[in-house]
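Look for chain A in each of the two complexes below; its partner is chain B in the first and chain C in the second.
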Partner chain A sequence: MIRAIGKTCMRAMLAALLADCSGWQSALDAHGPSAVSLKQLIIVIVVVCSLVWMLVMTTMIVALLRRREVRPATPSPHRMTVAVTGAVVATVLIIGTFTVISFLATHALGVAGQDDLTIRVRGLQWWWGFEYIGPNPSDRFETANEIHIPVGRNVRLKLEGLDVIHSFWVPSLAGKQDLVPGRSNELTIRADNPGVYRGQCAEFCGMQHAHMALLVIAQSQDDFDRWSNAQRQAARQPAEEELAAGLQTFLAKPCAGCHTIRGTAATGKTGPDLTHVGSRRTIAAGLFETTRGSLAAWIADPQTIKPGNNMPMVPLTPDELRTVSAYLASLK
Partner chain B sequence: MKRMTGVLLGLATALAGCQREERQLRLDPPIADALDRIALMPNGISGAPPDVYFALGKPYEVNAYNLSQGKRLYSWFGCKACHGDGQGGIGPSFLDGWWYYGPEMVSIFASIRDGRPHGMPAYRDKMTTDQIWQLAGYVQAIGSYEGKTAAPSRNDEKQTRPAENRAPAKLLFDEGPIPVHADQGPTP
Partner chain C sequence: MSRPATTPGTRDIELQRTGLTSALAETWKTPSGLWGALATVDHKIIGRRYILTAFVFLALGGVLAALMRIQLALPEARLIGPDRYNQIFTMHGANMMFLFAVPVMEAVAVYFVPLMVGTRNIAFPRLNAFSYWIYLAGGAMLWIAFALDMGPDVGWFAYVPLSGPQYGAGKRADIWAQMITFTEISALAVAVELVVTIFKQRAPGMTLNRIPVFVWAILVTSFLVIMAMPAIVVASTSLILDRLVGTHFYNPAEGGDVLLWQHLFWFFGHPEVYIIFLPAAGMVSTLIEPFARRPAFGYLALVMALIATGILAFGLWVHHMFVAGLPRLGDSFFTASSMAIAMPAGIQVFCWLATLWDGTPDFKTPLLFIIGFIVTFVIGGLTGVMVASVPFDTQVHDTYFVVAHFHYVLIGGAVFPLLGAIHYWFPKLTGRMMSERLGQWSFWLIFAGFNATFFPMHILGLQGMPRRIYTYQPDLPWHGLNLFVSLSAIVLAAGFLLFFINAIRSARSGEVATDNPWNAPTLEWATTSPPPSYNFAMIPVVGGLQPLWENRDALSVADGLRTDRRELLVTTLAEAEPQAREASPQHSIWPLWAAIATTIMLIWSIFSPWAVVWGAIPVAITLIGWFWPKGTPEDES
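Coming up: the complex of A and B.
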């Protein structure tokens, strides 16, 4: 009986361990060339270090267990020299090889051709601003906390930190790259398989660092074109009475002081662009799934949900809250 | 015995230093509502803040977090466009020792909330009451003649004037050979 329970526990633990290795945010579940080369690097280093550790342990255990013999009066100096030289050469070789392969693996990252899709990434406390930059000025559009990329194409990210240092990390696609204020860093990512990959800030950036996630959605070129065309459009004018009232509330209250909804009078620049907020999977940098209810909860009391963030609690009447959340959820 | 007392006193002082300044991240709606009810003089200059302002311990003047938030709002809401780094431009300076509507918090609060003639817009619909108080506290700190123990965060860019808690208004005040404003009142 006890043995059966133990077995079940072992199985469950093994399953949990393995489950961690795949999923939507894991460096061991690589779906892009840079992530694959980093994963290989991890595997090589872990295997070599494990071998070295086992070798050292075996030698030590053998030395401890070996029966002590009567030694000859003068131990051979030659044998000692061989042992020391061997250890030094092995160490130098292993460290040298590690240096070279890690240089080669990380050297290949961030190389991109000329006509790549470029996205300007802004890291702010505590959300991500994305601006798609195309060859024409009319191709530009802004979004937040969620990017879509075409599968199999290099995407160049221009990384800027606007307040403190953040770090862009989507483990399944690439390594980390910092967003430093006053400095422009670049990172190239490519997804070889369609899917949703989660990333998050990897440099402590303040109170809500843990709630600064983003999604990368890799899709076929056709789907991507459809999505980016939709994102480029201004928000549609609401016809329904409730949604129109929501827009009025949005414009009359402090919301419009910080947020932009293209196609309306709301042109604030300091908060996330909300033109198509209803089409994003999450709100508040990966905190909630986007639903009308979660939007209402967020608007009603952002400081309880994500204390310290820069969105103030705006006093609204129940009717205003109802209409404004309905309006935002309708912005597909 | 004396040494023991010394050690204990030192320890107590060190531990007292561990206390962190309270950050008021979320203002309860009734308090925000009460904070909005300032009593201004009929000419819109000076007056009295609501009682709750004193009950909270003048949080917008002595709390470094609020001052920092005010500093962020100063650039977020484009104050720099007219007032520069506090030395003025299109709009009046906060550093020349001259307050058109007085240096009291209520006056600054009312200027931001309701706007003033000759170009100062009203921010009533753009900012919450909490934010307007934070910004007012920061503006007062820029124009202060006295150094404060509570300071907002530092600038990332190059300093163009002494830091806020160093009483830049006092350091930069220059009456000149002839006072700029004859009715300026007492020199600092």
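Coming up: the complex of A and C.
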């Protein structure tokens, strides 16, 4: 039975390791120079450690099962001392090598080239605020829970903790770095391949720590420029009657007290900037795909969907809910 | 100091053997009934209670682990909400670290160290009684708070600002901090008792280089407790002050510092790991002798490795903070020190392998647990080397990789030897043997279940699964392994259940044990199973490292102790030469009163700072009662 369990276990692990789809949030699926060199380091250390383990296990098995003479053999303390000393020396060499290569890897990670783009990252219970900073004040804009970056360029993230400690981690691009209140940390990321990479808060930050995801969308320079120009614009004035009614509801109800929609009277700062919420792939920090339906569900009952989060349930009539969700979905 | 020979009082040497044992039994006995049970200061009764209580907490913590595994078996499961889940994982960690792992190691030491060094009671036995009551009260407070939905929910590490006044609403974080106060008081008390027992109460002839390795491990551990606990005392007290009276130790807006908490916590928290691991390593070095049927290889190397680990333990706390944003050069220093601790660990593993190689293994349950320990602990040690590397750690820190790592170290590295030790020492605890058949079954279930449960977590961590999440979304590729892990946990739980059944059944109806059923070499086997209240009728005299193997027929004994009052032999620190006869206190109810008064003060102080003022009065009264001379024979100086 134990062997059967062992076999199942081995098979599951091999499947997991060999499967190409280790996911879009995996240290084994590296798409940036930082993550690639970390993956190489991980593989080297894991392979060496596995060999060490196998060597120790072989020694133990032989020690336990080796044939013993009927008469007690003359003890050989001297040879045993030599063997143990040799093993200790080997240990020292291995961990010494590990220390040196991890020191070198740390240095390689620390040296970033020219930073082309700077983003202020704010971690909040339980969502991410992003502020793009450019050379000119007019370049700056805010978004939430999703950043776009141009492929092949270094992006400097200025990490600011505002409430509790969070940790920014997009494993396919780089290792993690904490956002600590009262301190400013930095992290440079770069994506070498276009794609969508998921990240998640890695430091326990309270009730909804599990639902604090973010997306990094790496795209060509042209696509990125198009996207950032669009993000810089204020929200489009609603033309249709339904959408105008939605905006009215948004402004009349407590929504505007916490959220900003640039170009309207909504300038709240507590919640995510919603100026282009309809253009983002997900809402509620990675909880749902953005659709009119998911927006309506979220507005109708945020506390059941993400218990404990800071968005209150605002009582709306069915009509108000319909129009406000239509309006938000239209904010591309 | 020793009394002049003219003092009245019968000496052991003047009595025949039967007269001697009945006189000693009369002097050392614990009064019967409830009062006696509450007033006892016998290290064996208190040690047994301590061990039993710690295993109850182990079972409770295991139930919490099972709940978490049920919740995580499927993505977006709604069985347990985030609020309850956060309490559960915080309780699991705090309970296993503070109420099980550290106390159980100290508990085993409370029972066995006096026996292994050949003395009649632990030093400061009333303090020992007090420490147990405080431990029980702290554990009860934590679990009652959890039952009332007031359990701490900020992680066992309680990072500020999440645990601070602004974000940690209610009294949950205060319950955590005060539970720390309870456990640190009891742990410090036990550590002091053990250091004194080991330094001053060893049997004549037990020079420093004849101390059993387990006792050495406990000595080093006790010093770790004494040096590491003050850091957490400062941390938890200042957290309570921040929360109760607004002292702003940790509030960056008022000049406090968030990282200060992490430094203080881990300056304690990392040695804490060795406070748990070193006794386990000592158990392995001690258990391996009877089951390899030869003395442990490299006594000096084993002892030096324990001491080196104890010293290095204080130099690695920053590896818990590699992604907090400290300067990289400083981080690299801590990489080096964290890697260096692999050396003493390696030395011990190689010595154990050499012992097995040269010995004749006897594949009984305790040896199986030692083998299981070597298999898993080496994995835990190697993943420890991995997380010691700063760049490696930036990918696995706070992921399931780390969860796998420390369960390999703590279950593989500490619980396996502990279970082996329980099977081994069970006859000395209860007078009966544990069932070998059930023992082997429980070993294989635990070993297979443990590896199947925790090994896949390494992969989950590398695949990006963070720790401390109450659920995960279905579009992440984690559900297969999580389901596998949850199913494997059933096997692990079955193994532990079988162990508990075996222990309970054997305690009631197991085969009656002889004095030395394993043919073991250390002094605890030189007395009956279980030992009488006075441990040894005559204090043994030790001439080597394996006294029972060197003098199989008759152990030399020392005489001259009084039998009409509780007396111990005090010996010199290095050479263990007889130095004095010292009185040992009788049973007393005052430690219980003092513990109750302390408990009231500590729990009250969660709610009001004035509790420290008014609550100190009953504490002072009970302490005066405790130390007031009562004219018992032990009070004669």
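By definition in this document, the second predicted complex is superposed on the first by the 294 of 332 C-alpha atoms of A that agree within 3 Å, B and C clash if a C-alpha of one lies under 4 Å from a C-alpha of the other, contacts with A are read in each partner's own complex, and residues count from 1 in each chain.
Definition applied: contacts are C-beta pairs under 8 Å (C-beta built on N, C-alpha and C of every residue); 3 or more make two chains touch, one makes a residue touch a chain.
Computed from a prediction, not measured in an experiment: that's the story for all the values here.
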item: Joint occupancy of chain A by chain B and chain C, clash or fit; value: clash
item: Contacts of A:Leu64 with chain B and chain C, given as first, second, both or neither; value: second
item: First, second, both or neither for A:Thr270, with chain B first and chain C second; value: first
item: Dominant contact partner of chain A by residue count, chain C or chain B; value: C
item: First, second, both or neither for A:Gly182, with chain B first and chain C second; value: both
item: Which superposed partner A:Glu131 touches (first chain B, second chain C, both, neither); value: neither
item: Which superposed partner A:Cys258 touches (first chain B, second chain C, both, neither); value: first
item: First, second, both or neither for A:Phe204, with chain B first and chain C second; value: second
item: Partner chain in contact with A:Pro307 - chain B first, chain C second, else both or neither; value: both
item: Where chain C runs into chain B (options 146-154, 326-334 or 380-388); value: 146-154
item: Chain C-contacting residues of chain A that also contact chain B; value: 181-182, 307-308
item: Chain A to chain B touching residues, read off their complex; value: 181-182, 252-254, 256-258, 270, 301, 303-304, 307-308, 310, 312-315
item: Chain B - residues contacting chain A, complex; value: 23, 25-27, 29, 32-33, 72, 76-77, 123, 125-128, 130-131, 156
item: Complex contacts: residues of chain C adjacent to chain A; value: 81-83, 86, 154-155, 159, 161-162, 166-167, 252-253, 256-259, 297-298, 301, 323-325, 328, 331-332, 335-336, 339-340, 342-343, 346-347, 349-351, 353-354, 356-358, 360-361, 371, 374-375, 378-379, 382-383, 385-386, 388-399, 444, 448, 451-452, 455-456, 459, 462-464, 466-473, 476-478, 480-481, 484, 488, 491
item: Chain A residues within the chain C interface of the complex; value: 2, 5-6, 9, 12-13, 15-17, 19, 21-23, 25-28, 35, 37-38, 41-42, 45-46, 49, 52-53, 56-57, 59-60, 62-64, 66, 68, 75-77, 80-81, 83-84, 87-88, 91-92, 95-96, 98-99, 102-103, 105-107, 109-110, 125, 159, 161, 163-165, 167, 169, 171, 174-178, 180-183, 185, 198, 200-210, 213, 286-287, 307-308
